[in-house]
Every structure is written in C-alpha cells, then in structure tokens.
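Labels A, B, C and D are assigned to the chains in the order they are written; within every chain, residues are numbered from 1.
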C-alpha cells in the first residue's frame, strides 16, 4: 500500500465522480426498501471530502484516512455517515505509517468489526457489511485488485435475496427480499473504483 | 411533486430560518446555526436534546421551550443529524446537570447520537432515551425494535416537564424507559412522498390504495390495501395499538391524532372522533387529547393514532405547563 | 381524490363531532347540533357569531372561546350555512347585548346571514361585519368587492378581544370596518381541490403549474403560471398586498402565513421566512406573526400571506389573551 | 293556474328527479367558474322538499309555495338557497288562493324582483336571473308552456357568453366567459320540468 498525495487526491476525485454518477440509482434502491436518500447522503459526504482533498492528501496515509472518516461522519448523517465514518476512522487509527499488505488486511479486519459493532449488525443482515466482510477476506487472502472488485460487486448483488435485519429495510420483513441493499451497492461502487485505480497505478 | 421551495438543498435550512424568525421569543439558532435552542436556558436543569431528520416539522424544533426541549438538531430531509451538531448542542445547553438525548429508534439516528455521546463523554454527563412506539412492527429476533414515530412528543413533553421540575439524569432515564411499554402509535398513508430532488416517489400509491403501518419517512409500511372507509381505517390502526398496550384501571389514556403533513384538519378531526369512539367502545376513555400536525413525513397524506396509558405521575407531567411554539398550556 | 372519510355527505358532520370531542373544555354543540358554541358564555357581552362553508377548518370553530367567537355555523363543503343555523346561534348566544355577525364576503354567505338577520330582527339587536381582504381582486364597478379569506382570523381576534372587554355593538361594527382597508391577503395553489362526491377536481393544475390569486374554495384564481421558486412566489403574492396597504409609521404590521390544508409545516415556515425578508426589505417590520394552517380549502396545496397594519388599539387587541382550540395566549 | 295536491306532489317528484339526473352536470358547470357544489346544493334542497311533499301538498297553493321556499332556504345554503328560497317564498306570499294568469304573472314579476334585490344583481350578470327575467316576460305575455320552456333553455345557454358580475364566477373576470352559468342551468331545468308537466296536465 504505497499511496502518495497525488494518489489520494486522484482517488478522492474518482470516488466522488463515481457516487455522483450513480446518485440517482442509489436513491432509487433506497426508495424501494428505505427512505430514498442514500444517493444524496453519499454525494454530500463525498463532496465534503472532495472539498478538503488538498488538506487530506497532505497528511500521512493513516491520518488522511482518519480525516476522511471524520469528514464523512460530520457531513453524511443517517446510517451511512457513522458506518463509513467508523470504517475509515478505524482504518486510519489502526494503520502504521507505511503499512504492508498484512498490516493493512489486519487493520481492515478490525475496522470492519468496528463497523459491525457500531451498527450492532453482522453477516447476512443485508447491509454494507455484506460487502465489507468478503472484501476483507479477499484482501487478507492477497487477492488482486480486479478480483476484489469482482467480489464486491457480486457480494452487493447477493444482498438482493437477503431478508433485511438492520436499517430501515428491516421493517419491511419479507418485502425487503428482491431488492439490492443501497449501502451494499455504494460500498461495491467505492471498492471497485479504488481497486481499479490500484490495479492501474499502485505498485503490485 | 411540487413544493414551495427554492431548492431541495436549501429546503431544510430556509425552513428553519423561517421557523426561528416566527418564534424568536422562544427559539434561537445555536452553534453557528447548527441546531435550534431554547432562548433562555434554566441553569442546573438537565439539558433535554433531541433531533432527527428534516421533513418531520414541527418536530423537533416546535417543542423547544419551557417544560420541553432545550435543543433540537435537524438533519437533511429524512437523514439524522451529524454528531457535530449534537456535540455543539450539548456544549451550549448543558448547564451542569448533564444532557439527556431523546432519540427516535432508527439505526441512523441512534448511531449518530451514540457517536456524539462517545465524543462528548469526557466533558458531559450524558444519557439517552430511545423512543420506539410504532405498533406496526414488534421487535423481532434480530431487529433493533420498533420505530420511533409520533409518540416522540409524549416522551418529550413528559421528560421535559420532569426536567423542568428538577429531576436528575438518572430519574429522567428511568421515567423515559418506564413510559415506553405504555406508548404505541400506528399510521396510514393515502399518498406517498417524494424526497426533494429525487425524480420518483419513495412509494407510490394507486388512486384506490392505502398503505397501513407506514412510518414517517415515506417508506413503505406493513401492507397495501384498497382504500377503506374512515371507520375501517381507524379500526385497522387502533386495534393493533390496543392489543399491545397493558390496558388497566388507574392508567390515564392520552389520545393523539397526528397528521403526516398533507392531511387537512377536517379529516384529522374526523379521524379523532372515530378513534375516540372506537377506544371508548373498548372501555378506554381518553383523559386528554391532541389533534393536529405534529410529526410529519413531508406532505404525505394520512395520519397516525397514538395512545399512551399514563401513570398518575406521567399524567401530571403531561398536564404541567408548557410554552413552546407548538404546545402551549 | 382520496380522503379519510366515510362519505362526502357525512364528512362535515363527523369532523365537527370529532372537533367538539377533542375540545370539549372550550366548545360544545348548540341548537341541537346546528352550530358550535362557546361552552361558557359571558353574560352582557355582544355575541360574536361567524360561520361559512365546511372545508375551511379550523375556521371558524377553532376560534371559539374566550376573547374570540361565541358561535360558529358551518355549512356543507364550500356552502354557506343556512339561516336556521344562524338563527339558532343568535337565540342561544345573545345574552342581551346583541349579536355581531362576522361574514366572509361571498354572495352566498352574505345572503344567508342577511336572511337570518332579517328573520331575527324582531328579537335581537344585530349588526354585521363583512370581511373582504383578498388582494387578488379589487372591487370592480359592479362586483360585490373582495373575497374574505385568511384575514378573517384577524377580524375575529380583534373584534373578539374588543367584545370581551365590553365594547358594544356599534363600537364593534366601527372597529371592524375601520380595520378593513388595512387588511389584505393573497394566495397561491400548487394543487387543486376535489369536492367530495364530485368526480372531478374543481380545478386541476399540471405538474409544473401554479395558480396565483386563488381563494379558499378551490375556485380558479387570477392567473395560471409555471411553478416558480419560493422566492418568486412570495414576491408575486406579497407585492400586490403591499401595493394595496397604506404603509405608514405608527402602524403595527402583523404577518400571517396560512396553509391551505395540504401544505406541510416545513414549507409554511420557509414561505414565512421569505415573506418576512421581502417585507423587511420594503421597510415593513412585522411586530407579530402567525404561521400555520388556519383557513383551508380542504387539502389544497399552497398557502396565503396576510398582512395587517394595525393601529395601537388594534394591536393591543390582537395581543390580548385568547383561549380557543387554535389560538391560545 | 289550477294545481291540486296531486299536481304539486307530482311536480315535486319530477323536479327532484330532474335535479338528481343533472346533479353531476351542474357541479361540473360550477367547477368551471365556481366552487363545484351547485349540483349537490340543489339536490339537497330538492330532497328536503321531497321529504316534506305530503305536508306541502296538503296546503293551499300560496302556502305550499312559501313552504317550499322556506324548505329550500333552510336546506340549500350557498347562493342558491336564499335565491330560490326568496323566489318561492315571495311567490307564495304574493299569490291569491286561486290566482288567474294575470295575477300569477304579476306576482312572479315581484318575486323575481325580490330575488334581484336579495342578490343585489340584475339582468346580464350571468346568474339565474338571466333565466328568470325572460321566463317572467313570457309568462306575462301568456306564452304556452312549451314556449316558456324553450325560452328558459335558450336563456340559460345565452349566459355562456356573458361576463359574470355576481357570485363566485365574478372573480374570474374575462375567464368566466365561455361557460354556462350553473344557476341559470338549474333554473332552466326546473322551469322546463314544470312547463312540460303543465302542458300535459293543466287546464289550458
């Protein structure tokens, strides 16, 4: 994981553009089983991070990630804010300044656990965790970025047939089945964006 | 969906500005505009702080004032506020006795208030009461319980009166948790909601349909049915409420009919009359009532019924004087 | 249009029954159910009686009580009450000082109240104040003047306070007529109205249209335009109001933003904030304000702005204590 | 004008049926330039008269007409109640017990004037008076019932091109032109119903 300021700035811009592109789609997913705001929430968060990208990119990677998490928490609100915020903040707090792959995988694991604690949720609840868990497993197994991206996407699609047990969708019971979870979808979009960038740019 | 607004982005902020201007004797902006606060705090009183997504007006700002809330944090439409808003509210309204956070039971709201509470733990005594009054969903094995809906104002009024008389944080927490099993609400929608800037309605109802068991975010409810008569609608939402409440002698029933934003007073009073008749036929005689538009889902058409069975003490606290933009007696 | 009702025939009656049940401390049925009355009359006070079609709730029943109305007669939806209702109200609430009838300026309302007044002339002293505050239509050569809309509550509050302090019939009439040229309202609709049991909307608006200068019966207004921003809407309805008022030092501006029944509080407060900014930019600084749903047109979406420029005396009467289901201070 | 109890009962039933049949149409006319309730208002009035038809028919003609007027006033409300009510009450008050054609025409003239005073209105204002005036003129001229009915109908149609100066339609100004006045329409319906009955049943 060697990411310099230019990489970070580029990644922030790419993630922001990706969310912007799929904003309406994420809200449509959220309309089906939630309250229809997930696209707007994520866009607001990514816009806030983008606005601070220079200050963020100037930080060492761990501090930068923590800062991104904090900006997300303080700008998104809703369920997505604390969840994405916790993920990034825990990742930043746990990483050494120059993490190797093993350190990154272990820290990611702890960050995902923190997200689960924050949401009082676990695997199979039909949330973004259903993307985060398999992604973390692939990272731990040293999978190639392209493979991780594929895994994220199929994990998001797999939430479609799950019965929601957390978040607003849980109130729908059986009626939540048959719709992809919006948080899982945004998580797959972001994972894919990051992985594709790493595939192109980062040292193998 | 047409709205009186300049843009979806500015809707909440411009509405709050108008609200504060209209009620400047009672309410002010705090924290550089990040929350609304009681203009005159009462030193030594536990600070009662609530909040939630925008689109539920007059909740929570309308209930700021003597005998009710000290601060209200509002997020974007249907999006809980962020921890920095809640932190700012605690910093500005805690006068020494600590803060009680009144939170509607949604994962997003609970998580944001919890994060704020964790961040503020070094400098404030904080406790939290989670409102979960929606009779449409029982707490299932793994879910996080009932949603918080219009019953929120009962919790805020009763805790507000108790805080005003000087109850400490622990007593307020006990009071709030004690009330919870005796407070239930259920709603029906006749027309769905479109989140501003979204192209589509969150849920769309056909011209002869209604949605039973809706929440206050335009999210789909328990079941979709053919539009029925008001008598039948009232039965459909009052029966589950009664089923879940420990009806008993000595408890004082409080009945609230709440409009979701697009329902006119003529229909709300009609619904109230029928709900009251339904309850009285079941032996439940409301001692106090409230009919109006208190907890909305933007301009959703429909209403909810809330029934609270209050103890003698809770009833006295409900009746205690209050001076807020919406409730005043 | 979907409604919470059992039938169009029973909508008004069932709603009034619910209203009386919800406010039984202040309001009761009178004349065998033909009108609503103040529960406790004040002997020797001029009886203030108003009324009009149903569908405008909480007008007029919501303004019965100390310092405001003694009786309210409600007709079918958008249909003025009949003389027998008004007669019964006079017979039951005139405690010796006579009756002042407050009538919104519609041919139907004026004719029914006049017939009642003629029939009751042998046994009551009666006078009438006609409210005509709609800025959308100036009195033309042959028409009978402006419509009475949301400004009605200003007239009822001020006359109510004056009656309560003991003003006689002639003084009340003078007060009411004096206020008239300093009271103007104007409304906008975003969605029309369907009278229950009618198959069609009275007027239908396209998804990008609004109607400027509407009244409170779902009738078409002055002009149809493309839906504009809230800023522009507020300008379109506040400018004509200001044009028609004798703005001057020493008068106290009262600003009311009134929802037509289908407009949620979030939009009403936004409109209030913008209206206030507009007026202040023109040098008119509201001394008192009211934002809410007071004079409706069933569930029409939209709102009206009312501006009254009150004399010192009128202002004091506006601020005087009032205890009714809707206004209480 | 020889109308016995049977005639009166029959006429009340016919008028009620006619209004019921055209109720929706009258409300549609009223929706265009008023508040959409004229059909419901008239139906309520005729139902109330119908409910009391036996008591009414038992009265002498003048008292019966006055009673009908009072029932209309006390049941219709709106503009139509006082106007139709005044017409019938004045007619009943003015008629001798066995009126001849001249007496009837003169009394009708005074009743129409009373309606105009009640409404503070006159010819050309686009109201039911624009049917009442020409009908009264035909009655005064001893026209046959069929002729009076025709006149009522064309008079109602002629309100279409008038600019309303009374009632709710007056607020529409120029926009009121092009729509038939609902009150004129109901007035023509009732006049026609009565005339056709008289043509069939009454002594010439």
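The rule is simple: contacts are C-beta pairs under 8 Å (C-beta built on N, C-alpha and C of every residue); 3 or more make two chains touch, one makes a residue touch a chain.
Worth saying up front: this structure is predicted, and the values here are computed from it rather than measured.
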For subunit A paired with subunit B, centre-to-centre distance based on mean C-alpha positions, whole Å: 31
Chain centre separation in whole Å, for subunit D relative to subunit A (CA means): 75
Inter-chain centre distance, subunit B versus subunit C - centres from mean C-alpha coordinates, in Å: 30
Graph class of chain-chain contacts, one of line, ring, star, complete, other: line
Full enumeration of touching chain pairs: A-B, B-C, C-D
Subunit B - residues contacting subunit C, complex: 2-7, 11-12, 14-19, 21-22, 54-55, 57-58, 62, 190-191, 207-208, 210, 227, 229-231, 233, 261-274, 276, 289-291, 293, 296, 298-299, 301-303, 328-329
Of all residues in subunit C, those that touch subunit D in their complex: 53, 75-84, 106-108, 111-112, 114-115, 136-137, 140, 142-144, 147, 195, 197-203, 215, 217-220
Touch list for subunit A against partner subunit B, complex: 24, 27-28, 31, 33-37, 40-41, 44, 73-83, 85-86, 118-120, 125, 165-168, 170-173, 175
